[in-house]
Amino acid sequence: MAQGLKVAVIGGGSSYTPEIVEGFINRYDKLPIRELWLVDIEAGRHKLEIVGALAKRMVEKSGLPISVHLTLNRREAIDGADFVSTQMRVGLLEARKWDEHIPNLHGVIGQETTGPGGMMKALRTIPALLDICRDIEELAPNAWLLNFTNPAGMVTEAIRRYSKVRSIGLCNAPIGLAKWLSAKYDTTPSHIYTEFVGLNHLHWVTRIEVEGVDRLPELLDKRAEYSGKNVPASEWDPDFLRSLGGFPSYYLKYFYMTDVMLEEQLESLKGGGTRAEIVKKVEDELFELYKDPELQEKPKQLEKRGGAYYSEAAVNLMESLYGDKRDIQTLNVPNGNTLDFLPPDACIEVNCVVTGQGPLALPVTRVPEQAKGLIHAVKTYERLTIRAAVEGDRDVALQAMAAHPLVPSVRVAKRLLDEMLEKNRPYLPAFF
Amino acid sequence: MAQGLKVAVIGGGSSYTPEIVEGFINRYDKLPIRELWLVDIEAGRHKLEIVGALAKRMVEKSGLPISVHLTLNRREAIDGADFVSTQMRVGLLEARKWDEHIPNLHGVIGQETTGPGGMMKALRTIPALLDICRDIEELAPNAWLLNFTNPAGMVTEAIRRYSKVRSIGLCNAPIGLAKWLSAKYDTTPSHIYTEFVGLNHLHWVTRIEVEGVDRLPELLDKRAEYSGKNVPASEWDPDFLRSLGGFPSYYLKYFYMTDVMLEEQLESLKGGGTRAEIVKKVEDELFELYKDPELQEKPKQLEKRGGAYYSEAAVNLMESLYGDKRDIQTLNVPNGNTLDFLPPDACIEVNCVVTGQGPLALPVTRVPEQAKGLIHAVKTYERLTIRAAVEGDRDVALQAMAAHPLVPSVRVAKRLLDEMLEKNRPYLPAFF
Amino acid sequence: MAQGLKVAVIGGGSSYTPEIVEGFINRYDKLPIRELWLVDIEAGRHKLEIVGALAKRMVEKSGLPISVHLTLNRREAIDGADFVSTQMRVGLLEARKWDEHIPNLHGVIGQETTGPGGMMKALRTIPALLDICRDIEELAPNAWLLNFTNPAGMVTEAIRRYSKVRSIGLCNAPIGLAKWLSAKYDTTPSHIYTEFVGLNHLHWVTRIEVEGVDRLPELLDKRAEYSGKNVPASEWDPDFLRSLGGFPSYYLKYFYMTDVMLEEQLESLKGGGTRAEIVKKVEDELFELYKDPELQEKPKQLEKRGGAYYSEAAVNLMESLYGDKRDIQTLNVPNGNTLDFLPPDACIEVNCVVTGQGPLALPVTRVPEQAKGLIHAVKTYERLTIRAAVEGDRDVALQAMAAHPLVPSVRVAKRLLDEMLEKNRPYLPAFF
Amino acid sequence: MAQGLKVAVIGGGSSYTPEIVEGFINRYDKLPIRELWLVDIEAGRHKLEIVGALAKRMVEKSGLPISVHLTLNRREAIDGADFVSTQMRVGLLEARKWDEHIPNLHGVIGQETTGPGGMMKALRTIPALLDICRDIEELAPNAWLLNFTNPAGMVTEAIRRYSKVRSIGLCNAPIGLAKWLSAKYDTTPSHIYTEFVGLNHLHWVTRIEVEGVDRLPELLDKRAEYSGKNVPASEWDPDFLRSLGGFPSYYLKYFYMTDVMLEEQLESLKGGGTRAEIVKKVEDELFELYKDPELQEKPKQLEKRGGAYYSEAAVNLMESLYGDKRDIQTLNVPNGNTLDFLPPDACIEVNCVVTGQGPLALPVTRVPEQAKGLIHAVKTYERLTIRAAVEGDRDVALQAMAAHPLVPSVRVAKRLLDEMLEKNRPYLPAFF
């Protein structure tokens, strides 16, 4: 790292790229990037060129000595990198559309990161990531792989169990909560202490202290409507929420309010289409903006895209790893002894101290009884899915699908599996 | 025990009583009963008299020196007992009817031991059993309490956690499987080795060896239709079954084939009513038979009742405890270190060596990944229910109901809870 | 805490007091002390007056609005305190002398915190501390008790298990190592990362990274002689040290070089007496200095006393608790799930993140196989000793003494126990 | 196994062989041996011929259809075997002599299975056994390896961790205790229930129930002198024994009465030599007897040899494995979850139910606090020794030696190691 860091962004043609470029520019004093490599596949060449050109204009405006490289040669990008970040989407938004549509057609929640949709995304993505990891093992064995690719928890677990790459899974939900609490209580994140228990997109926040005052009871009592952009805002039952023992991830609505959420999805399907289709439109508009040669900064409209704070989360983590900062961040890492009912190699979402040698998971001080069964049920589905993805085993995939709490029966599981595997055939060579 | 054993049967007026009386008579050489106390409550006096008279005739015919006592005074029956057995039903078949009906009306499985119905049964039964345990602690502190009262796993766990009574939970399913395998493979149970993993009415049989030959693969492949009397016979998906990793309890159909099972229930509801109503008719017929003063033995018709081998299971266990027999039986006992993902005090259904000092759980050699999530999800519901029963806490009851995998959403959970608590008001003083 | 903090120092008449007063003065901006209460027992009145007067002069010179109170009324000092710190010595240096002498006379290591001497100190101290805890539970239930009183690990464990007081055990060894490494590598502690595994006075430092570079191999290879003032400097066997897997606490010499250490003790006994007697002289000299009404600061000579950085460790911890600083400190806290071979309530010495709600133990990333047996052997002795202290049970005390790795046989254990209990009779009412 | 079993005895030329031959003859109805192969190495040819001839005469006299084969070709003996039993002694009694002598010369316990002597025996034996296991893996992959070769616990653990062979470790101490209790209380072993906790030659018997009556307190109170032939009879301290929590293995005297035991060893060294030298004489006398062509049965004098019940233990185990007997035997098997402070693959000595698929460890219901540290300290030494044996690593061997509770310091450890490795050079090629 003598003269600055080399960073490779896999899926560099993503609409999110200006976010992370902005992050690198703003944090340059703490995180001196020397080379930024944006890499994409042939199918993404056009977008890479557009967003890459914008990235170069942004860096140029900053005046910083960062060199931006665009490439379709992944190995070149990875070679000697200090950090590799992934923001790829195997099958693009088209595949996501079917992840959402098909379950809906069978009366099941269709969602990109959980349920049958999330499972398909995992099956498509895990082999692709493990392939990248083979390159990292060879060309950048000391690199940190920051994995934003959803379903981030499963993908990170797969990497930790099936490769030697040092990988950490990231989500913008924890930082989003910190921002929301800061605004609500008019304080800075450093005066807020939150404790997360659970999995990626399946967490309970079991402690929320603001300037030393326990705010969890009041937050559970009123449930001031905090809701992510990706998730429609259905109301929680107040009795249920009050006794839940933790402030729920907004994804937990899919599990606790399955009926309402499904209704909303079916409504939406009739109307403008699924979330994938809405996102597709937003993205197209973004790329129109990015093409503007006068544009030298991240456009405001990017915030509508749903990945708020994504860049900040990534840059925070890189800075702490690089600078041995030892601050607390909520990350997806192997369980170790943290949750005594999960195996040590299961990835969980948990507070960590980020040292120069990597994150160390902090112990959880409260685990609501009511969360344990659901955590374990979803982790069971996740582990079966990871195995199915790695082995290309359809029997195991059926067990995974049937084990998911949102899938109502083996009969439905089998139909969904057959239909969805078929639809994803181009991305699942191991299964055919 | 100098001159023989004292046994107290709580719920002695049950139609099952002739079963256990027959067992005591047949096993007298190994299990010398001196006094058999049949105890019931005032509401059951009539049935107690009928079935008690039959019991006396049976003993008389046997010529054995067993004295049979009928009483409504529970403390008298328990005082100094060596064994206490429970076969009571709080709320009688009427309550069971609503346990089955009400969920069905909301599109949810209605079943006496699992789902919302099982939960209500637990809420009614646990306080009643703990009340009995207070008497046992005082009057027969060294007695073994054999608990057949369903949901047997939860009730046994509640007793172990909230009293000092030495209690073991029993189900006839394991012995039923042994009988079925013996017949199928034309051998004796001592040449069969089965290993159970899971909870009461939620187990997987992960090893089946007959005369040293592993028969599990062929049993999972064909699934020769083995089905209990209590459970309608729906077909398993062959791909699913083959890769399930264990021969499933027939109750697992409620979880894996929820849709089919629900359809059958709704059909049945339209027709002759729920299972409770059918059982009611069988029972009425049985008591008509019992009244016959010529009858001196257990009538054949009792087998239709669904509790096959119930007596054999009970007598086997008593004999091994009394005689320090050290044979293997499948029982409901505290987990200890057996399943590493459940707390030590959680009751599980597991192979045990039965010594004179009680059962010792054998380690499980195979735990299918796919079973873990479901076991933990149901155990979570069970622990919340036990807590709700003991504390009479409606919030905890809501968490329990919502945590049950067969309850589709918090909204439905709340409706079911409100309606079912109201219907059970006479038996749930702690909640009102 | 509205207008600053109240701190009570039990054993306020100790010669260490000027250390901590200096710490409070220097750190006033981060840790605004409003009231400092120095409390001692009647027997310590004279020393309390001397050192208390010096404390007042030091504060006066600083110009800070801290009020210093001297009292023999412990409850007054504790009432409403934010922090309670202990630096007491039951039986004074006279008792320590016998802790060191008697074992030596039987050919056994005589040391104030380990071996039979440490055991006696624990038996004297634990009941006294638990008595103080009764006051804290009543008068300052939210106070943090910072426990420096040796044997700090055992005393802290006793408090955590037998009272409701929030207590943390502290030793100056970890901070001492950080200082030594800083000097050696010419860097600041924030650029050093060390990981501790083990118990108080029985730790292995299994990671030492300085500015990101792993320095453990070179430190184990050369063993640049780092040695605490309390412990004579015997040479490690280079082959042994190199393969030990962690940089050893200097107290480990008592276990690994028992023969050499014992020889040195017997030599020293012949000469100027045990360590207790040397310390006694140093203390007398210190109090002569303290009496000087011109003295307004901590005298240099205090450093000879052996408690270097004691004040810094205490003030660091208070500051992080008060300010929710979330930095890493090495503390004595309950094990939780950290070491999988010890029970959750066993106190260990381990890196912690110090939050406003208390310390959270960090996972240990490396545990040398060779350390496990010794850690468990000593912890076994510790737990038996704690039980003996609380129950006043001589049989358990014999088991504890015999279980200590430095005690060569039950025969010697029994002789030592009889003789030492007798000598400590005034401080051990529970045993007589 | 269609027409009877094939058994291979490695070290078939041992003086113990008539014991096991007698066992096979007596138990033929339950354990139909077809072929018995006695195999030894070239150096043992003479003894093999003598004892083999006696074995043949014994079988002939019995009239049973067992064929006895003598061979120096190990692979021939192992090929297709159902059971392999080991009773070999690498280095013969000459090596044992030095195992006992050298420690004594340094003031340390010299014993064949514990302390430095046991360590050397392990270093010699483990590689030899693993070599045999390579043959078993290839030629008899389904065979059970019954390992009597001391130190049986360590050897068994090494086999389980470093080969695929199904191995069980055996000691005659548990059966010896059962016999002694039977005689003392005039009952049969089936009316005795004992529970063992610990390691081979390091166990505590924490439950002793005879005909349902708890006899542990009286046995600990009086300590009716029960002592094995291998171990001199020193008196336990009555206070210590009473509060020990379990009836101790006679090998525990080496740990608790180190001083007395050492004195006795030094006395004995001055007199007739170490135990090895006494055994040598007994063996020579035995072989003289064995030569007598009239002798057709096990001579009485064999009992002096110290391996009482060795044959019975072996035959019992084979019978239960062959017949799926499901009785309880005390064996050396992997820990699994039994002791929560040891790793799953650590071998422990524990009650097991012996099924046709192997032994299943029973949970331990009582673990004395005082035993934990010593168990873990010795297990630490054992695991380091196993690693040293497999890797031939002198550094690890030094850590092992220094970690043994009977070795007083690193200095002594190093001297012992150097001297003993040198003396064992012919048997330790990996170290030179």
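Letters are used for the chains, namely A, B, C and D, taken in the order the chains are written, and counting of residues starts over at 1 for each.
Keep in mind that, in the parts below, contacts are C-beta pairs under 8 Å (C-beta built on N, C-alpha and C of every residue); 3 or more make two chains touch, one makes a residue touch a chain.
Values in this document were obtained by computation on a predicted structure and should not be read as measured data.
The minimum number of touch steps separating chain A from chain C is 1. A centroid comparison over C-alpha atoms places D as the chain most distant from chain A. Note on chain placement: the centre of chain B and the centre of chain C lie 56 Å apart, centres being C-alpha means.
Centroids of chain C and chain D (each the mean of its C-alpha atoms) stand 45 Å apart. Shared interface positions of chain B, i.e. residues touching 2 or more other chains, are given as 340.
Listed by label, the pairs of touching chains are A-B, A-C, B-D, C-D. Within the complex, the chain A residues that touch chain B are 236-237, 239-240, 242-244, 256-260, 340-342, 369-370, 372-374, 376-381, 383-384, 387, 395-396, 398-399, 402-403, 405, 408-414. If you check the complex, the residues on chain A that touch chain C are 191, 193, 207, 209, 212, 324, 326-328, 336-338, 340, 353, 355-357, 360-363, 365.
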